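These notes open a run of structures that come right after.
First subunit A sits with subunit B, and in the next complex the same chain sits with subunit C.
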Partner chain A sequence: MGGEKMARIHTGISGLDEMMQGGFAFPSTVLVAGSAGTGKTTFTLQFLAEGAKRGEQGLFFTTLSEPTQWMLRFVSEFSFIDKETFGRQIKFVDLGGMLRKKDRDPEKLLAFIEEQITEHMPQRIVIDPVSVIGELIKDEYRTFLFDLTTHLKDWQAVSILTGEVLPSEPYPVEISYIVDSVIILSYGLSPEGSRRKYLEILKMRGTQHTSGQHLMDVGKDGITVTVGLK
Partner chain B sequence: MIGRPVSAPAAFGWNGIKRLKESLPELLKERKLLITATPSGLPTVALAVICSGLKESKCPLIFISIDRPSDVMSRLVKRHCGSDDDVVYKDMVCTGIGDLQCVNGLFAPKLLFDAFVAAGKSDGKYTVVVSNMSALSFYNSNDRIKEFMTALEKKLAEGRLERIILIMDNKEQYIYQLAKSFTGKEIDVEGC
Partner chain C sequence: MTRQNIQIIQSVRSALGSPKNIRRFLFTVRAPSVARINLAVLRILLEERKERGIYLSVERPDKHLMMILERQNLAARSEVCNLGDNPKPPKRVVIATEMVNPVVLIDEMFLALSDKAKGATLDAEIRGMGFIIVDNLATMAIYNTQKDIDEFFRKSNLFLERFPNQKMFTVTARSGYDELHAAARKFAQIEVDIPDEWLLE
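For the complex of A and B:
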């Protein structure tokens, strides 16, 4: 494994770095997949907040999940959120306007994303959720995804794409092939029969990682993963 | 040492890059310079060096990008420093399927030669900036990397290069130590 040479950045998620040789490979692309309420957005904000704490720039692209202010309002109580960093080290860009247009053009969308990256020079990028774009541009989605991930890989950043799935499907297959890492957030029943959240690293190129589902809690301090607990 | 010590972690990056920018006019008088930074800070450092180099230096720049397409840096320079007319970009990347350079090796010994070809002449007085040096270790043996450094040194000694600036993180010890012994002057920029 190339773990020794590979530069890594801390995720900010308690317990996760220890599962993957210290953090995400830098630069790389990551898919965080899960159904509604599994913690995808919290995961990505915690990741950006960690970067801001370390003096890095973060860029958060929202698609059509919900308006930025609502998303921020609900996460504002987490202890990792430092509102001073909003609009400074963490910038929010809404792609919804472009996506809602009838004559939406994937190439223009890609150019816009690149323009924003060039402007802000982030080390951490989030597109939340990327799967919505697929529903809107349909036939051109595969090409768009390929172009998007190629451009993101060229950039010196760790890019997280989130993917919405139905509870019956673990992850969006079409994205999983083109990213370097896949993390699945899911629900399941604990041995005692209560519904719990789980995190699983499905794929992580160039990294020795812990496999299997691990218990994940979302509390005041954000997401905590407890390795080994089912 | 630039950017150290600063107490608050968040201030590391901004202080580091700010102080680097302030110091660059003076630093660019050196003929050999090694700038180390965290991997995530490398593009910011490279951009600062190019912008300052364009402003302060009389000679054009050859920017060599290891394993990242140089058009990324070209876009950054155009966006943040204005014109990049005096920069020649050369990258060490695979451009696609069937790229023979990748099959046969996208490799260090050829890199400098390719950079001069890209610059259009072999005897120009250029400042050479090599960014992300430590990534060479993913694709090259130590001997090949040493060959590249020796070629750089030779060009500088012959007076065919005005200045050499190496930008890298210090994760890969062999290249780091080699670069350190080659340049003699190291600037460490904390954060990004």
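For the complex of A and C:
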């Protein structure tokens, strides 16, 4: 499998780049799926922080409408967080306001996202979580997802969409078809019987990647993946 | 507004201030920064040097390119047209988008230029413009063979010979494109390598 002519960008997640030929293909779209508390938001912030360190612009779209400051207070203790980059190399944009409107319009939402992208010209984009949009626009969700990913692919960036899933559901199937890569974060039991977190690369177009579930720790330096450990 | 690093701007500006016989430029940068450098070059050409020109995009759709130009305060939609439209008065930026094999564009231009009815008008339109930006060589390499790319450079030379007022700006990503790089360096008269650390704010 190739990747020879594909540029790659580092994720900033220790142990992960080595699982996928050095990083995410640039440009590409990625789904990071997992149930609550598995580390999706931490993953995306670590990814954006890595970009900021490298002089890249990041754009974080939140759909949950919790104030950005509230979210950031819980991640501020991670060593990869550089508060100087907030609002500068990393811009936070709230989509919740548009989603809360009774006359929410997927086309206007997409247009707003594109306005932000053309204004800030990010190399790294996060939409966290995109699955919330599905709960609000229901019948139009699939069309919206298709349009969103089609447009994201044109914007010369690596875009991460996060998807909430129930513990019994491995990943949001409707998103997995239309993205280039799928990474699953999950809980499981270690051989010793303790509850641990795991990361699995389920799909990654054009990339030789390590398969299977691998131990994932979340410490003060952020997420670390240890390949081969269970 | 795209955030720029002073050193990058200075290096681009310095390159653009080269003697008039320097007309083939290559900018080499990390892949994620290709778009940023293209916009930096375009901004200097449009705003500082007050030139009009052609923006050739291998992959971007025209709608997206126009959104970027407008949002980045480079050119309003009313100041942009597609190649061959030849509006009066002329537009600041003429775009040619989704040109997966740009050799086709150059061939079509030469064909149109040979048209008895419309050739003279197109010739005048191109002579009224000062540059062509190719966005970007690395993406071209994904869709085309090295032979196609060599042909693109050969035909670009013919284009520049015919239009001595034109300059061509090409941008490519730094790593993983050895054969492309070698060909691009052979084509270009001047290469500006943007070091990674210059991209840090």
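Everything below uses one rule, namely that the second predicted complex is superposed on the first by the 229 of 230 C-alpha atoms of A that agree within 3 Å, B and C clash if a C-alpha of one lies under 4 Å from a C-alpha of the other, contacts with A are read in each partner's own complex, and residues count from 1 in each chain.
The definition used in the following text is that a contact is a pair of C-beta atoms (placed from the backbone, for glycine too) under 8 Å apart; a residue touches a chain by one contact, two chains touch by 3 or more.
Here the structure is a predicted model, which is why all the values come from computation and not from measurement.
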Since both structures carry subunit A, what do subunit B and subunit C do when superposed there: clash or fit?
clash
So, A:88: does it touch subunit B (first), subunit C (second), both, or neither?
second
Which of subunit B and subunit C A:135 touches, first, second, both or neither
neither
Quick check on the superposed pair: does A:26 touch subunit B, subunit C, both, or neither? Answer first, second, both or neither.
both
Touch test for A:119: subunit B only (first), subunit C only (second), both, or neither?
both
Pick one for A:9: touches subunit B only (first), subunit C only (second), both, or neither.
both
Examine A:107 and indicate which partner it touches, taking first as subunit B and second as subunit C; both and neither are also allowed.
neither
Tell me which partner A:54 touches in the superposition: subunit B (first), subunit C (second), both or neither.
both
Find the residues of subunit A that appear in the contact set with subunit B and again in the contact set with subunit C.
5, 7, 9, 26, 54-57, 89, 114, 118-119, 121, 123, 154-157
Looking at the complex, which residues from subunit A come into contact with subunit B?
2, 5, 7, 9, 26, 52-57, 89, 114, 118-119, 121, 123, 154-157
Using the touch definition up top, name the residues of subunit C that touch subunit A in the complex.
1-3, 5, 30-36, 39, 59-61, 64, 67-68, 70-72, 138, 141-142, 173, 175-177, 196, 199-201
Which stretch or stretches of subunit A touch subunit C in the complex?
4-7, 9, 26, 51, 54-57, 88-89, 114-115, 118-119, 121, 123, 151, 154-157
So in the complex, the part of subunit B that touches subunit A is made up of which residues?
9-14, 38-44, 47, 68-69, 72, 75-76, 79, 134, 137-138, 169, 171-172, 191-192
